[in-house]
Structure formats: C-alpha cells, structure tokens
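Should a chain be cited, it is by its letter among A, B, C, D, E and F, assigned in written order, with residues numbered from 1 in that chain.
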Amino acid sequence: MVYLTRKAEFAASHYYHNPEFTPEQNRALFGKCNNPNGHGHNYTLEVTVKGSVDPTSGFVVDLKQLKDVMNREVLDAMDHRFLNKEVPEFLHQIPTTENIAIAIWQRLAPKLKAAQLHRVRVYETPDLFVDFYGEA
Amino acid sequence: MVYLTRKAEFAASHYYHNPEFTPEQNRALFGKCNNPNGHGHNYTLEVTVKGSVDPTSGFVVDLKQLKDVMNREVLDAMDHRFLNKEVPEFLHQIPTTENIAIAIWQRLAPKLKAAQLHRVRVYETPDLFVDFYGEA
Amino acid sequence: MVYLTRKAEFAASHYYHNPEFTPEQNRALFGKCNNPNGHGHNYTLEVTVKGSVDPTSGFVVDLKQLKDVMNREVLDAMDHRFLNKEVPEFLHQIPTTENIAIAIWQRLAPKLKAAQLHRVRVYETPDLFVDFYGEA
Amino acid sequence: MVYLTRKAEFAASHYYHNPEFTPEQNRALFGKCNNPNGHGHNYTLEVTVKGSVDPTSGFVVDLKQLKDVMNREVLDAMDHRFLNKEVPEFLHQIPTTENIAIAIWQRLAPKLKAAQLHRVRVYETPDLFVDFYGEA
Amino acid sequence: MVYLTRKAEFAASHYYHNPEFTPEQNRALFGKCNNPNGHGHNYTLEVTVKGSVDPTSGFVVDLKQLKDVMNREVLDAMDHRFLNKEVPEFLHQIPTTENIAIAIWQRLAPKLKAAQLHRVRVYETPDLFVDFYGEA
Amino acid sequence: MVYLTRKAEFAASHYYHNPEFTPEQNRALFGKCNNPNGHGHNYTLEVTVKGSVDPTSGFVVDLKQLKDVMNREVLDAMDHRFLNKEVPEFLHQIPTTENIAIAIWQRLAPKLKAAQLHRVRVYETPDLFVDFYGEA
C-alpha cells in the first residue's frame, strides 16, 4: 500500500459572505474577505491516492489519468474563475478553503478508478491549508 | 553601499481587458485572463532599497519605517482588492504584472527617505515575476 | 471533519546541555549544539486543528481566534528569546525540537475551543522537523 | 510519542521499461520516461521515525546516527547513480517513485534501533511524491 | 523598461568527462559526477527578457509566445534526455551548469522578437545556479 | 563571463545593541532584537563568483574549492555561534544582516582565486535579505 500525491495550482477569486447575516455581522466575522468585488489566491491543490503497486508498471496509479481527472474535474472548473459566481458548489455555499477542499473531494472521488482517493489538501496561501479525508 | 530587500504578500483579483479591442481580440490576446468576473493571485512583492550602512545602527534603512511605508502605500491599497475596480492606477490601465510593478514603484519612490528605492519585484505566481528599476 | 493548518515563524536561540553529564559527555552527544552561548534558528510552527465545518461561516475555526491563541501562548513567549533562559519549560528541560513541540502542544491544547488540536509540527530547519499529536 | 523527520537529497537517473511489453506498449504507458538513455531528478527523501523522548537527551533519535544510516544505506547507493543499472533492487524492477520509496524502507527499517521507522517519503519533483508506511 | 522572468523545469541526466584527461584526472576533478552511466537533476530554468511595456496589452512580451519559444527551443530538446548523448551542444562539450546556461542563451536569443533576452539562469539544484547575460 | 552561485546555511544567534545609546534609545530603535540574551536565525548565504568558463573543465570555478573556502572562512566561524560574543567582527560592531554580508565579503574576497567574488547575499529570514557587491 503506497500513497501518491500530485500537486497542481489554480488561480481564482472569491469572497466570504453569508446572506443571512447583517452587513455588520459579515464584516465582523469575515473582515476584508467580505469585500464583494472579490480578491484572489494562487491555490495549491494536493491530491493523494492510495493503492497497491501494479508490478507490471511500478505505478499505484497512471499519472496521465490522474492528471486528466484533476484537470477535467477541478482545474477546468475553478482556474481563472470567480468561485462565488461561476462554480456551482459556491453559488449557495461560502467558498472557504474548508468548503473548497470538500467540493474537490466530491468531484474527484467518483472519477478515480484503480487507486482510491485518500486526501485532498488545499493551500489558500503558503501559510494556510486544509486537509479533507472524506470523513463524515 | 548595500542593498536590502523586504518581501510582503497580498491577495488580489484582476482581469485583462482593453476596451478598444473587440471581444475576439481580447479573448485571443488575453485568453482566460479576459474573464470579466476576475480571478486572483497571492502576489509576492519584493522591495529593494540601497544606501550606505549607518554605523550607529548597522542599518541601511529602519525596517519598521520600510514596513510602514510598504503597508500604507501598497498593501492597504491592493490587498484583498479587485485591482481593476478599486485601485486608481488600474481604472484605465490593464493590471498586468508589469503595470503593477511600475505602479508600486511610483507609490514607494517618493516616500522613502534615508535609503533609495532600487528595485520592485512582483511575483504573480512562483513561476512568473517582473522587475522594475525606475528606468524610463 | 476537516483539518486546518496555520503556519507561523519565530526566531529563537537555544543550546543543548544536560547538567548531569560530564563536559565530555555533553560534547560527545550534542556536538556544536552544546555551545553555552547559544545559537539560533528561524523555527516554523504548523498548528493543525480538526473539527466539522460550521455551515454559517464555512469555517472549522475562526482564523482570527486561532492566530490570537498562537500569538499569545507561543510567539509572545518564544519569539526573540533564548529558550534555555527565558521560557519556563526549558529552565530544567533541554529545548530540543521534540521538547519544543510537546511544550507548544501543552500551551495550545487547553486554549482551543471550537476546534480540537490535532498536531503540532515544528521545523528547526527546512530539513528537520518534529510532529506531536498529544499521544502519551 | 513524537515523530521526527529528516530530509536529504540525491541526484540520480532512471528510465521506465518493462521487458515483457512490446516497444509500443512501453511507449504508450511510459511516454518520454521510456527513453533508455535515462533522464534524472533531484530526489528529496524524507525519513520519519517515531518513539518516545529520551529524558536525558531530549531526543527521540540520535540525529548523527540517523544521518549515518541514511547516508550509508541510501545515499551512498543511489546518489549520482543510474538506478536501473547500478542499484540492485532496480536491475529487475522498474525504478518508479513508488518502488524507490519501498526499496528505501526495506534498506532502512532493519538498521534503525532506538526509534522505529514510520514513513518514507520520496519526491521525484516538487509536484510529485510517494509515501510508504511499510503496510503490506 | 521592465524585466519579465518565466520559470520552467526539465529533468535530464548528464555526466562530466574530458576525453583528453586520464581516468585519474577525470576522477580527481569531477568526482562522482564522472560516473559514465550518468545521474540526473530537475533543472530549473529562468528566462528573463527586457523591453518596454506595450500600452495596448500591458505586456513586455506575449507570454504564450515566450512559453512556445522556451518549449520548442529548450524543453523539447533537453527534457527527459541524457544531455551528453542526445543534445548536440554536449556531444563534444561538458554539460556543466555553466555550459547549459550558455547553450540555452544561444538557442533562445535569435528566436525572441519583441523583447530582448536579458538573462538565462539555470539551477542544477536548489543550492547551485548559474547566470549568463550573453557577455563575451 | 558567467556567474555561479552556491548557497549554504548557518544557524547563529545575535542581538542588536549600541553601547553609546541609552537603554531607551536601544529599545526604541532595536525593539525585541535588543534582548541581550540573543535570539537566532537560520541564515542562508549565497556566494556568487564570476569568470570565464575553463574549456577543459566547463567550470568557472572548482566547486570543491569554493565549498572549502566558504566552509573554512565563514561557516566554521559563524555556524552555531553567538555572533556578538564569538565572531571578531561583531565584538565592536552590530551584527545586522548588512554588517554580516560585508564581513562575509571581506573574509571571502582575498581567498578566491580563479574566479572573482561578485556578490554576497545573506537571508536573515526568507522575507529579508541583503546584497553586497564590494562597492564602497
């Protein structure tokens, strides 16, 4: 059983706002992240899959397939996008790093075959990241 | 004569668009950066000043003053902002990394005293950066 | 259940010495780290908390509160300090990276509320780090 | 119980090829990695050991001994080598990152004493890495 | 006048050997880099161009064109190659980092149009790099 | 003419204090860096030499000699030391990053032979560094 991790980057903008809060509550909780024009990040995504090593290839997963799935399911949808306006999961959910990691898990898990999704890590900045393992 | 560099980060969103171009021209030149909703980056700013070392302090510049100037002139204006809509220089100028570096130079150069501004470097991503030395 | 990690840095000095060892034993075991004048590092601290995502905020933890706790309990006490002389835990215990990670856990665990402390990671250099999960 | 990780680097070359495949199958699966002249990487190795902290030293493991074992068992054998031709494990096994991590585990596990091997991580590039925990 | 730098990576193998030296001289000068099987690196390439900013685009250079030139002239030739055997410049010249930087300059300089090549930087490892500015 | 840069790290402690200032002046100018117990950093040193490429070796400088000079003249003197107390240059001069860079230049310049010293860069933290080119 080995764990393989592949990184990718995407550049997106977002803002934090709960429509059920008053403007004062939104500003108090979200601070400058509440600016409705949005601001952005170079998000770094790490996708970890686990499985046994195929003795004929030496691979736990075909890297080209993993790259294709990550591009199609995540990067094509989120790269160079305003998450709140253009990504379905975030039309009615706040695009925090926590929720982005969960959304990426839900996009990837059903599409991976030979290897099993183990962890999704999302860095919002080099100093802040979230891990999701699919745990309820 | 020594050169001292201080780094800082800001998170902002932007998009590329020239109103004198047709939509087709904008898309051809700017690609996915033309999305009017904006997308974002963790910009890294490096400010380099040069001067002689003050023998009583061992400093070429007081780091607290340099930090204050960078915060007041650049970060307060650009961090967590949509550059095209909220930063005056980019209301009528495309906020490319090149133009951001020049704008930051023009904001900082008149405010620095003991030490002289030598270079402004702006990273849009870890793999792309621009240097401006104030050269016409 | 998600895991959120926030990084911070502090600059401190320390040295390694066991008063029950002879000078020869101390030098043999600790080498140049035994220099009583101390030497220093830019320590990088990663604090990981875990919890469920609050649906009204999208957060597992309020980042401002996490930052405040880390600053008050750890950075104010250890940053720009000689650990052996100025931090209570290390007056009678060797400030190895192992012991620093345990001390930081013990400082943070009782102060975190909504989310639970999961891991403390301390880098002494980019090439050496210790993880502590509160396991006996 | 703490976990200590030490990093090291080695520069090696390799290529991917299964002699039971046809040339077309090898090219289809391995792409440009199938070039028999080899290509290379700066591999980064992270070795994690776990154990309790010795109260007389503050260490979970003597770092000099850990460094010596890593140098003797791994770096002396793999650094500046063509893995397929010069490292016994890869004379008849494809030197993928997965197999390299497993081989390093098998070299290190029997040689570590006070502390127990917990994880071997191998980065082939900054964007691709494999973890092995000794799990069957 | 601004300077724009774009990074790229390539993985290659090489070895150091001067056929006019004796085997002893080669080993004395080149050490383990003299192994004829080759060893490898993840080379990082930084290409810096300079020019004035086009006011209609905000660009000093069209990034897609720069990327295309770097891919076609350098990466297609050197990535996943054994430099001594497969890259013409190094059939009769030692592929040191110095000579790789010069060869890349000579490949790129005639192909860049709007902007002028300013510097080629090549990292062999994170701790060793060479800059070439086209100076005789 | 090529420029080759080699990095190295050293861990040292220091504090900032001018004996001609009052305690209040020292605290006002140096803040927490004035703590006389000292604090520390993982300093990163980059040494750049320039010269023409020797056609028989492909080198601008013999890397083993460069490493030896850096170890003997700088690292042996400064690594794991309290700079104010144990390094002659700083017994009567404040060990700021500026002064450390100048001291390292003065130690290295007379010892380098084939290649000429071009720049000394010292990082105190990843976000603060000083360059010295030997300019009066």
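Following the convention adopted for this analysis, a residue touches a chain if its C-beta (ideal position, glycine included) is under 8 Å from a C-beta of that chain, and two chains touch if they have at least 3 such contacts.
From a predicted model like this one, the values you see are computed outputs, not experimental measurements.
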*Which other chains touch chain C while also touching chain E?*
D, F
*asked:* Since chain C and chain D are copies of the same chain sequence, what is the angle of the rotation superposing the Cα atoms of one on the other, rounded to the nearest 5°?
replied: 120
_Farthest chain relative to chain D (centres taken as mean CA coordinates)_ = B
*Would you mind checking which chain's C-alpha centre is most distant from the centre of chain E?*
C
*If contact pairs are compared by residue number, which of A-B, A-C or C-D agrees with D-E in over half of them?*
A-B
*Quick one: report the Å distance separating chain B from chain E, using the average Cα coordinate of each chain.*
29
_Cα-centroid distance, chain D relative to chain F, in whole angstrom_ = 34
*Compute the distance, rounded to whole Å, between the mean C-alpha positions of chain A and chain F.*
42
*On chain A, where are the residues touching two or more other chains?*
126
*Pairs of chains, among all present, that meet the touch criterion*: A-B, A-C, A-D, B-E, B-F, C-D, C-F, D-E, E-F
_Residue numbers on chain B that touch chain E, as the complex places them_ = 16, 18, 20-21, 29, 31, 93-99, 101-102, 126-133, 135-136
*In their shared complex, at which residues does chain C touch chain A?*
1-8, 48, 53, 56-60, 62-64
*In their shared complex, at which residues does chain B touch chain A?*
9, 11-14, 32-33, 35, 37-42, 79-82, 85-86, 125-126
